[in-house]
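Order of writing sets the chain letters: A, B, C and D. Residues in each chain are counted from 1.
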Amino acid sequence: MHAHKENHDFEPKIIAFVCTWCTYAGADLAGTSRMQYPANTRVVKFPCTGRIDPVFILRAFQKGADGVLVSGCHPGDCHYMAGNFHARRRFAAFRALLDFIGVDLQRLQFSWVSAAEGGKWVEVATELTERVRALGPMREFKELEAEEQWSGVIDTPELQEAYNNIP
Amino acid sequence: MSRIGVFVCHCGENISRTVDVEKVAAEAARIPGVAYATDYKYMCSDPGQGLLKKAVAEHKLDGIVVAACSPRMHEKTFRNAAKSAGLNPFLCEMANIREHCSWVHEDREEATEKASAIVEMMVARVKKDRKLVPITVPVTKRALVIGGGIAGIQAALDIADAGHRVVLVEREPSIGGHMAQLSETFPTLDCSQCIMTPKMVDVANHPNITLHTYSEIEAVEGYIGNFQITVRKKARSVIEEKCTGCGVCSAKCPQKKIPNTFDKNLGFRPAIYVPFPQAVPNTPVIDREHCTRFINGKCGVCQKVCGPGAIDYEQEDRLIVEPVGAIVVATGFELYSISEKPKGSPIKGYGEFGHGTIPDVIDGLTFERLASASGPTGGKIIRPSDGKEPKQVVFVQCVGSRAREKGISYCSKICCMYTAKHTMLYKHKVHDGQAYVFFMDARTPGKSYDEFWRRAIEEEEAVYIRGMVSRLYQKGDKVVVMGSDVHVGVQVEIEADLVVLATAVQPRAGADTLAQKLGISYDSYHFYSEAHAKLKPVECATAGIYLAGACQGPKDIPDTVSQASAAAAKVMTLFARDELEREPIVAKVNERNCVACLYCKKVCPYGAVEEKEIRDRQGNLIRVVAYVNPGVCGGCGTCQASCPSKSVELDGYTDEQIMAMIETL
Amino acid sequence: MTNSAQTIDPALYAAVTDAVRAEARKVLESGAVAAVVGWQAGRRAGTAMPTIVTDPAKAADLIFSPACVNNLALYLTKAKKEVRGKGKIAIVAKGCDLKALVGLMGENQLKREELHIIGVVCAGVQGAAADRSLPLSEATIAGKCRECTVHTPENTDVTVGTLTELPHFTPTESAELARLEAMTPAERWSFWKEHFSRCIRCYACRQVCPFCYCEQCLCDRNRPQAVETTPRPAGNMAWHIVRAMHLAGRCAGCAECERACPMDIPLNLLNRKMARELKELYGHEAGFKPKEKGPLAEYREDDDQSFIK
Amino acid sequence: MPKTITEQNLRLLIDTLVKEGTRVVGPRAAGTMTLYEPLATGEELHLGELPRRSAKEAFFPLCETILTYEKDKEGVKVSDIDPARFPETVLIGARPCDVAAAPVLDAVFSWDFKDEFFLERRRKTTIIGLACTKADDACFCTAVGLSPSDTKGSDLFLTPLKDGGYRCDVVTEKGEALLSAHAGLFADGTGEPLPLAEPTLGKLDLEKIRNWLDSHFEDPLWEEIAQRCAGCGACAFLCPACHCFDIVDEGGEQKGARRKSWDACGFGKFTGHASGHNPRDVQPQRYRNRIMHKFKYYHDKFGQRLCTGCGRCIRACPVGIDIAAVLEEINNK
């Protein structure tokens, strides 16, 4: 039962945007069932996947997420009837856009996890964590964040150091 | 700068076993804006809440983060505590470091680090929390009960007796449900019909109950206190107001050979029929699928013989809209069928039991109809194939139930008891007969239950064989039962005259569709989910909707009635108030910025968005903006995610709150 | 419709110009409209600019030429309240511009009956770097016009001009789209990174877009700040992603954003990509008839969810 | 004594400067256009066309950080950017219409508050101007009193010669210093210059224009021109003389940076007040301010005008607004 902590060179930051009715409850169920999964995921609770703005995904990557999980109720199970249907289209479009921009979609996972699917939550969170761990850090947005227009660049060792510190 | 208080709960050892709670509190204290941070054994306890209230006053806190269990568990508790400390309850947030952390991680260092990160995230959020004032909405003191079995009947009667109007909707032509089909009931062996029918009549006669039988729920809109339901009243082809229930139509109907489903197809009924003699209402219905008139237009006898002229072949389904304030869902169960299941169904049939093709292999409910005094045989136990009295009956328990390989892993709870009852009923009627029961183990917790089961063995001479049945097959006029007796460790073969299978209790087909209409959640078997397994066993997570009976999970009659009364009590609690406070998690439009593209209106699942005209003092139209009706808004926030300029914002889940959380990554 | 001549006959535009002037004069004189939104010649040879004519005598200033690149639908949006305030408006519209008008109608921004649409048959307009002294040809025609399917606008109040045979033009936008799609994500990232890093956040792309009529752009908001406003590479990337997403399912492909960009960022590639995705996924095409709901405001229960676990 | 420098030595000069650690900014091919950008080698110098963006970037960056902050339990820690860290820069190959704007801008950045961000960069920048030999129909430097060979603002000034290479004139001491430090790359003498560019627009009476502006704050002209203005910042951002900037804090509550970046008077929110009031709430008012600022207010205060006739705003304007046409119209009134 006692899983030994493995030492990895890189522990990814995973942020999960979940709806309160299904996936959040599913994650709770994983807890009450004492299932085990990697500790990398940070959950942000929304009322519904319908509330999840693509900007949040973008922002998460910009702010240092190495992987993003978006999860809600199965089609037809939405507490608000149709929020997840709207979300499904929105995210289908957004992921196509991110792909076209050049973001590796392996870092962005969408799933339906119901309140009864504690096991599926564990599976989804574990899979994404392990996949992103294998991919390594999401360098693109972090590097971009450290870049300046040439005219604004100054000779600051701190900035250079910050840039070098991007894993 | 904010003055946030952070309270880290040990939850006994539930959290502190894997999370270094003191460290989490110490880390929290270092976050700018945190004025106070501490840890405590049980934050939800009275002293724990007292600690919180005291800290609010002493440290002039303007926001609170309780790092403990899931907000689904105790958010209300702590928000109430915050409120009584004089803080707006919406300035209190929970950091879920139990279900999402201590219970799912074993490494102490990792779990502690994660707990601190979760706390930091929630501190960031609470800084952006706004004071919200609950919205008051009127309560429509009228309840909808879905399902007219014993659960629905009990709930409807209780609510109606309390003086509130009830709309009871039943899918079948009569109320009564499964209990009306039963013979005697355990553990007292009183006649089911005898205790059931008076209640059915009470429903029919109750001035506060509007009964819609042969009806289904078409649509549900609205929210707690203010639902709007649409009932599809299926065409009965009989005008209820005119029908006197004389029964001439059924007697004269030339079409008489339709299998009687109420009797589990053991007998026949005409095309115009009442399901059983004690039906409520005692109004027949025309089975259009089998009626000659509807098949080829060549009959019309019932119309001719009906004195009051109640037969209406042209009748159409009617949609009735009813406002209700609360909903009790009591849609009951159905039995697992051993027949071959359609492809893709997670439930599997029993090929080894002949897939339901052996006529003398029946299920428990069929046995009930055989044993019932009002059943097709008048209570005489005979076998379906040749009408002979069976001398050796084998009962098999756990068919489908507790059989993961058959698609169901739960226990159906009632089978041990009803099988014991069946052996007794059998013995009472066939004195020289022998009952055998194959069982895995006997589950008889309940008042007088174990005594009852012992009686079946000790006094009524039922032979209980612990073991599983591997195969059933027809041999001559016998059914050979092959099984094992694990106590003795031998294979057993019994040549039975009749085999009764205690098949699993399952939710009604279509339970998922109804749940989707209601917006309630259900488990993988489609049993409806209660809000909390222990503390909210009657409530759905969706406010204003309550559960009663086997639709939530297998239950016997006493449990079902208890839960139905509990659901009724919840409804009455709700109806005790004229107005209801609801969470102010609703969308608001920033009218300055709104350009009325109305994307919000297009995506709103509630139809809560309207167009609003802004006029100057002279009454000239300046512009049109969107307006969200807070009473109708369900709070999903789909509007905000769709609004290009974010001119509509969901209170409690603002962009500022979310972005602040993301910022802490 | 191809011919052997490799250039487009300027006579087509001259004829349209005459007809536009006559129609504008007519509707202004009769009082049917308060203003006509059209194009007039610029100071420099071979240039044109949008104009709003209220005086019938000034109708003669109106022109139609390959320099009439602007999508005039811009002037009917809430971003341009001054124009709408004048009363009923006539607008000169190319097929591509008309698609934006149709989209605006679907978004509750315009009512068909409040417009008098003078459709112009258009064989194409100049590309950004074109030598203005030359007639339209493979070398000078704008990218979007090479793949135009709406030379003749429909559902107008009046449509002027006659389409002649057109030379065959090599599609450049779709070829570029295909080239990008064939790249690896990392290659695409560096492609866009280079372009976006050059962005100076002048917002010409936003300001000329008929669909960017928000009173307050999300990207100008600072509480919370969804997108950094300074022209650093990080904020630029975010801005262009958000812009493309906000236009998805709405953009009708007029390519004004790309034309207006002083830094030559191929913005219409993003719009085209999103349009194509939404067409493939949901069968949606913007700008042909006013729709109550765009592809991202509606759904089907059986929408594709192969990307969802 | 006049000097000359060969094409090859000019590039060698760049290489040498870069090696010495100087930032050399000059026209460089960038995708579909030419931009003033730091040159890694002399080879990168691309003098064929006028860069799309003006040279002001060399001392007035598109975006620069002016301080960073970090919040902790103890309070807010603010770190100022030290202008001493700005790089020594040589701006090379800049057109007279770009270079002439620099001294104009000095006035506004040093009259009251001394903007060290601008001034320190200016002090550290040596400008090698280049006479202009190619004009297009948007160019109008001569109409606003400049010429394609104007040395205003330059420290050294190059004039392309018919036989290749450049004549190099010393304009300032700073230029002299640069030249003497690399004297070996220059030769004595001169040559026949290439013909200068000839913008077509006739000379404008700028004093007359200023007088007209003085008395025409309210005039139908503003609406007539600017009702088509889309409200973008392309004109201001490409202009060598526009110098409005915005200061914003970016980052989170915990840490972030205060940044200064270009702003444009055409933006709707440019004059927006926190109250929501906007004194210039329609585009014609914004365009009027643009013209007034360039040809009246700035002149009233500093005796100079904020336009060098480079024509960038004309080329870039998405809706065809042509400042030369506007000036011409006022001139002809």
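Quick note on the criterion: contacts are C-beta pairs under 8 Å (C-beta built on N, C-alpha and C of every residue); 3 or more make two chains touch, one makes a residue touch a chain.
It should be emphasised that the depicted structure is a prediction, and the values quoted were computed from it without experimental measurement.
Which chain's mean C-alpha position is nearest the mean C-alpha position of the whole protein set?
Answer by centroid distance: A.
What are the two chains with the top count of C-beta contact pairs?
A-B
Please tell me the distance, in whole Å, between the geometric centres of chain B and chain C computed from their C-alpha atoms.
Here chain B and chain C have centroids separated by 54 Å.
How far is the middle of chain B from the middle of chain D, if each middle is the mean of its Cα atoms, in Å?
72
Which whole number of Å gives the spacing of the CA centres of chain A and chain C?
36
Roughly how far is chain C from chain D, centre to centre by C-alpha average, rounded to an integer in Å?
For chain C versus chain D, the centre distance works out to 31 Å.
Mark out which residues of chain B touch at least two other chains, giving numbers and ranges.
592, 603, 642, 655, 659-660, 663
Give me the residues of chain A that touch two or more other chains.
54, 59, 76, 82, 86, 90, 148-149, 152
Two or more other chains touching the same residue: where does that happen in chain D?
In chain D, the residues touching two or more other chains are 62-63.
Could you please specify the touching residues of chain D with respect to chain C in the complex?
Residues in contact with chain C: 30-33, 35, 52-53, 62-63, 137-138, 227-228, 230-234, 236-238, 246, 248, 250, 259, 261-262, 264, 267, 269, 282-283, 314, 316, 318-322, 324-325, 328.
Going by the contact rule at the top, pick out the chain C residues touching chain D in the complex.
Residue positions touching the partner: 42-45, 47-52, 70, 74-75, 79-80, 82-83, 129, 194-195, 198, 200-204, 206-208, 220, 222, 225, 228-232, 235, 256, 259-260, 262-264.
Note which residues of chain A are touching chain D in the complex, please.
By the definition above, chain A touches chain D via 148-152, 154-156.
For the complex, give me every residue of chain C touching chain A.
180-181, 183, 185-193, 197, 218, 226-227, 231-234, 237-238, 241-242, 244-245, 248-249, 270, 273-274, 277-278, 281-282, 295-301, 303-305, 307-309
Show which residues of chain B lie in contact with chain D when the two form their complex.
Result: residues 29-32, 124, 127, 592, 660, 663 of chain B touch chain D.
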